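Heads up, the next two complexes both have subunit A, just with different partners, subunit B and then subunit C.
And now, the complex of A and B:
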């Protein structure tokens, strides 16, 4: 039978019956068919979702970037930054190096910077701040200067900033020198329609977090900071300049903000165009040089296959398309990792929470050929472009994955990966739920089996999920406390061993405390259905908020949905490999958790609470499904 | 007298909302579009009171759209102070929950209530759809209390207070007028389902409707006296029908009319306004045997299709569903409906945030989530309509109902 006639047969009824009977029979047939194919449908969702992930770096799915906001006009102005300004930057650099060599305190450094700004004739101030975290107190002093717009009332502002510490961890002396020289240079011109705010923030991200929180009137409970003595307009856009090396070869764009927020794509495209054409600097994403990898030589162990191996290496492994795929995949994976972990890739990341589009211009350290001249020139041009804005950046994309500096994926091209997996979970949950409502009943008298309805144990299922989430919340309160955090600094995993053992083995056994139930319906499949529903409910909406995070949950969902109800202790132990508490056993894992605690308490990055309240309980629920013997 | 332990649950829930209203959470939620519409927002109410006390007509200009009766109440008896508002809104929710329990007790009488009344009251108080608007001090919570109180008098078969409260309600929420028909039916034939529709005393019905008209006229006169002119009519009742304020809300109107060319506006306003009318007669005729169920369905239709809904409208409808446990077994797709509601409850605040806080989304996002919400409400109505009809037939082994 052809597929079409099969489809027809599904809707047609045997002739000669009553209209209603036909309708009923058709309904039954369709329900049965849907029930029968639903496992395959679920599997197909998973498989297509996973294949889609591997397809995202393909050039065919991508699109070239373009400037959407016509007001921006990137690279259309004459720039005036010349060698005299480079010389000024060099003088500032000397002063900064002297400060660094004399081990100056934050207070001294900020005082020096404030004097420099005042010498230029720009109103300036310093701000002392302290973040009280459960690891240590983070202390520093910011310097800021406000240059009021000479042309308009200054309702809006643009921030040009540098942090004392680069994203590489080195001192960002040249970045600070660039901002100082820019301040002296830019204030000479009258075409600024926005206030220019120069900020030299202490630390890496903490200083800017303190400055912006105070500027916007937010007072996080962990922060105590001096009030600002100067005030400006609404900040629309911001640039962070990061120049840790001696010279630089490429301009790296860092754009991922806290909790997976991204700046408007127009800002990145303008930086890319201006960097390339005004600054004459090759522009890259992050620190990844835009070169394809070298040809891989055929390894010894493939040699024996002779011609076949040669062909595979020549046509597949070393094929240009594969190398390009790898390059794009690398860029996208880095963006996804920053976003999923909720960390900001640079100092610009703390701006996004205040609805400010910001990026870091990273001067990739190298022996040459670029220096202050090109960096100042392109920053000047980029600021002129931002100066053109009549409304906030809104035209271009906010949802994108960049596969290279000049190509990206639209939301529609990548969203299906996680949404399909979420839909797969939903189908699995629905099937489990429907199946639980029926029981096969065999009558000896009639020698016949039939299906009878039975009540489901929905409340107990929901209760199991909720109680494990509550335990997760308890773990969060513990991990966030001063009691636990210092342990993370320990060199060995030994003092943490009891914590690991308790958190990996005990919580799922909370299901043993459930009240006795007379219900004949099984509980384990119900818990699984509840888990699948919660996964679907998390993955799908999260995909627009933070796509990589939703993809992470989707990937976690696949092993969890393979867990068989009441399958015993072996799968229980296998699931331990998904438990984030296991990270405590590794030095790098402990460091990651320490960073998560720091990021949460200072910057408000969600990684720590999410891991405790979502990731941990999900694994426990999976384990509980294994051990419930009903 | 022994303390009844289960009573602690609603008591706790009331205390919780009292505390939360006084917390900084309440001012933060106060202007949220999902919790307070232009007709129910507390901020606008305070604005109106201020203008009124300064001797400026609050109905001049398009900010204030509360009824003059509300205005009179809040300028005299209830000053909008934090502690007083917290008390009033907590009391209103408590009253609404108590009424719901009473209605249930009346429905199952003469059988004894096995604590389900208390359960319904607790569920009403715990429902986030009801809790949110109360925390935002949206007057839609007070409207809900009025409606439930009116319904309670109706099930006790006391026509005068029932129609009086409904007339009062119609000043703050015009579509409630449609509920007059089922309300009068409840007054006349009682809150219980009967096998055959009772003979209705048409004279009594006429008296109740006449009384309603009388009260409405009296309240309208009082409103004009308070407002000093007829200007309030266009700003309050008129706003419900003509949608002058396109502030987003979880309903289905605002986006449609932001996209509309002006010359189509009158036609679609007429269509949208008259649309709920067509349900009144068929539902009341079909459910003559159970007017409370007709009331429930009609309330759901109104809360889905009204021009300025808040989440508490849907919350009331979902809470009323608890009065009819006999239909639960006949739901055709309860899980789908529940999941739709869950998704809507997640998507509404999420897309609202993406559009108006993060700035990364746009109006279409929030509109899409209101569609999901509309779909969830629609699915609830359609499924309860089916189940309500189906439950009258009962089960017979080997038989299946195809059509009702």
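And now, the complex of A and C:
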């Protein structure tokens, strides 16, 4: 039978029946058919979802960026930043280098900066702060200066900031010098419509977190900070200047904020246009230079295929479109990694939680050709653009993936990958749930099989999931406490082995503690259905909030949904490899966990609780499905 | 035939006025005050006094029909005051944030944006035959008319959202002059915190002056310079006093500008009229009975050119006084210091006696906290009246009001509270009388809730947020009578009254590009819902007997 006639048969009625009966029969046939093809539907969802992931870097799915807010008018002003200002920046740099060479304390550095601001006539102050974390106490001193722009009410403000430590980990001396020189320069003009707030924050992100928390009246439990002595208005936009080298070749835009928040795309587009056309600096995303990779030579092991290998190398591996795909994929992967881990890619990231659009202008260290002149000029122009705003940035996108500095993916073009996988989980879960409710019963009398209903063990399934999540919460409490800190400091994996073994092997066996049940229905498929439901419920809504995080869960969901119920100890051990606790065995993994703990306690980045309460229990549930023998 | 006669009469009537005005007097005064941070505050003051009630403001309601003849007082203004029975009126249009720490607290309202308050004859009082033209119905009609008139006169959008902004404080804003005793008067107060009002327009102001900007100190009012300054403000203050026989009306028009010569010259703070205003005074205004330029002298070494004719000392501050009554040649005044560059770092500021800092803390949704810090730097306790006016969508929770003095909770410093809860669209009004201990910092905190407003109530620039007007603090006499309502506060020229900065508050704002999508979405949902409901309603439910299907399972 051809597929078409099969389809017809599905809808056509056998002749001679009541039409209502026919309709009911047709409905029942369709339901049966859908039930029967549901494994293929689930597979198709997974396959299309994964293929879609690989399609996202394609230029065809992308779109060129554009300025949506008409008020911005990027690059339409004459800039006044000239060599005299560069000279001023050089003078400040000398002072900063002297401070650095004399190993000045935070207090001394902040005092020096405050004096500089006061010399310019800008009201200034310092703020001492301490974050008490389970690892260490993070202590520092911020310096801030509030310039009230002439004839403005002071209700709106723009922040120009630099942290003492660059995102590369080096001292950000030139960034600080740029902010100082900008402060002295910008206050000479009367065209500012917003107050200018200059902040030199200590540390990398912690100083700004302390400053902004105090500024907005939030008091995180781990923070103790001095109150601010000056008042400012509502901050709309903020720029962080990061210039660790002695010259720079490219302007890198870092924009990912804490917990996957992004600034309005208009800010990025303006920075890109102004950097390119006012500053004359090539603009890149992060630290990835916008060059396509070199042609790869044909390796030795392909040589024997002669013409075929040549063709593959020439037409596929070294094809321009493939290289472009790789370049875009690299940019998107970096953005996705920052967002999924909930970390901020630079100091700007702590602004987003207070509804401030912020980016870091990163001067990519190099031997040249750019320096204070281009950086100051483009910052001035960018500030002028932000000064044009009559409203908060709201016109352009807040959800996007940037594939290159000038092209992006709209939410509609990337969303399907994780949503499809989430839908696949849902289909699998529903099928398992329906199947659990029926049992094929063989009747000897009739010599026939019959489907009879049986009760499902839903509460036991949910109970298994919940108890493992509770154990995850316990692990979180442990990881967040001071007991865990010494483990992270360990130099070798050996002393950690007991902890790793306990946390990876023991928790799934909690299912053995379940009460005896006389139910004829199996438990393992029920637990799997519950796991698939919770995955679907996590992945789909998360995809509109933090797409990379939902994609991460979707990728975790695929191996988990392949776990067969009661399949024994081998799959149980194989699932170990997905367990985040295994990271403790590697030095780099321990560093990552240390960062996660620090970020959670200082900045409130959610990687640590998420890993403990979602990722870890999911793997345990998968393992529990393997070992439940019912 | 009547027209030429009328013209002749008119001419005859105006001839004596061209000479020395009998009942009207015009004085002009410019004070230049070098500020510690290198800036210069110039305060222009034009005062017209009318002692004849017939020519001034309408005090005798029976004489309303009397013709208005004024020589110096601008008719456009007096007509407004007469029409709306307003013996006292204050209007100020300011741009910029006054910095009390660096610039001190001189008299006069220094609120950012526009502020207007007036004592209007209560419209419920018996009045003459019929209402004046342009007067609305009911309570506040006169106030409405007055606002519209002033908005037209000063080319400012004062009348927008008047209902949302008008309050009638019970304790604050007492009249600076006197009020005619035979009718009750009512206070109206409104402030526009945002700068959508057109403040950068001197022309309507200059038009009210007798010499316009052609002579006298008004010559210096160069808009290109005044609006390039750090702060500028205009004000019109009308008050009536009971001093002379029929009462006396004083119209005071003020322009204040804070210049920054350091910024303009690139490091030096020396200034002259020429450098500040790009103009000098070339002739005196003949209509002015007195025309004086005063320069307040700083304590440091300086040089003042030309040498003043007279030196005065008031409250320990020396003032150089120049009489501009007969300016023969070009008149320029300048001040120099013996320094190459102005050094900000050496400046020591004396904090003002009373400081207010205000902030609304919290996210854009949910509860926020209004936090007010009042600092009394005097070594003696002070009584103050704190007045807060907030738009109706911000509700204050008075039960959460907490007061702390230097970090210690104390409830006894609150002497009285008067609270008018918000009823949309009228604003909240909160007046608290406090006793500030000597040299102390008092924290007032209150929880506030930001309402969810209808989408039609949002302003055109919805994503900007809403500007909240400044809070006002009035110093009160320490040992006043127990009834605070009877306390005369204010006094001359808004003495001692201080303003906080304005605030911008985020409300939950819809995405205004979305309504189209929302309409499509909700229509689809309604259509789907309708389909199934209709189906259920029209369907007949019967029992069907299904023939068994061979070989087909229920589930896969």
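As a working rule, the second predicted complex is superposed on the first by the 623 of 630 C-alpha atoms of A that agree within 3 Å, B and C clash if a C-alpha of one lies under 4 Å from a C-alpha of the other, contacts with A are read in each partner's own complex, and residues count from 1 in each chain.
In this text, a contact is a pair of C-beta atoms (placed from the backbone, for glycine too) under 8 Å apart; a residue touches a chain by one contact, two chains touch by 3 or more.
Keep in mind the model is a prediction, meaning the values are calculated, not measured.
Looking at the superposition, the partner that touches the larger set of subunit A residues, subunit B or subunit C, turns out to be C. Applying the stated contact rule after C-alpha superposition, one finds that A:398 touches subunit B and leaves subunit C untouched.
When both complexes are overlaid on chain A, the residue A:261 reaches subunit B alone and has no touch with subunit C. With both structures placed on the common chain, the touch criterion links A:38 to subunit C but leaves subunit B unconnected. Shared-chain residue A:433: touches subunit B; no touch with subunit C. After overlaying the two complexes on the shared chain, residue contacts for A:537 are found with subunit B alone; subunit C is out of touch. In the superposition on chain A, no contact is made by A:314 with either subunit B or subunit C. Once the two complexes are laid over each other on the shared chain, residue contacts for A:148 go to subunit C alone; subunit B is not touched. In the superposition on chain A, A:115 makes contact with subunit C only, while subunit B stays out of contact range.
When the two structures are aligned on the shared chain, A:100 is found in touch with neither subunit B nor subunit C. Counting contacts by the rule stated earlier, residues 20, 24, 355, 392, 394, 434 of subunit A appear in both its interface with subunit B and its interface with subunit C.
Of all residues in subunit A, only 20, 23-24, 261-262, 355, 392, 394, 398-399, 426, 430, 433-434, 533, 537, 540-541, 544-545 touch subunit B in the complex they form.
By the touch criterion given at the top, residues 17-18, 20-21, 24-25, 28-29, 32, 35-36, 38, 115, 118-121, 123, 148, 150-156, 187-188, 190, 216-218, 231, 233-234, 355, 390-392, 394-395, 431, 434-435, 438, 440, 451 of subunit A touch subunit C in their complex. Subunit C contributes residues 37-38, 95-97, 99, 101, 112-113, 193-195, 227-232, 260, 262-263, 266, 343-345, 357-359, 361-364, 369, 371, 461-465, 467, 501-506, 509, 511, 513, 542, 544-547, 549, 552-556 to its touches with subunit A in the complex.
Those residues of subunit B that touch subunit A in the shared complex are 335, 339, 342-343, 346-347, 350-351, 354, 357-361, 365, 400, 402-403.
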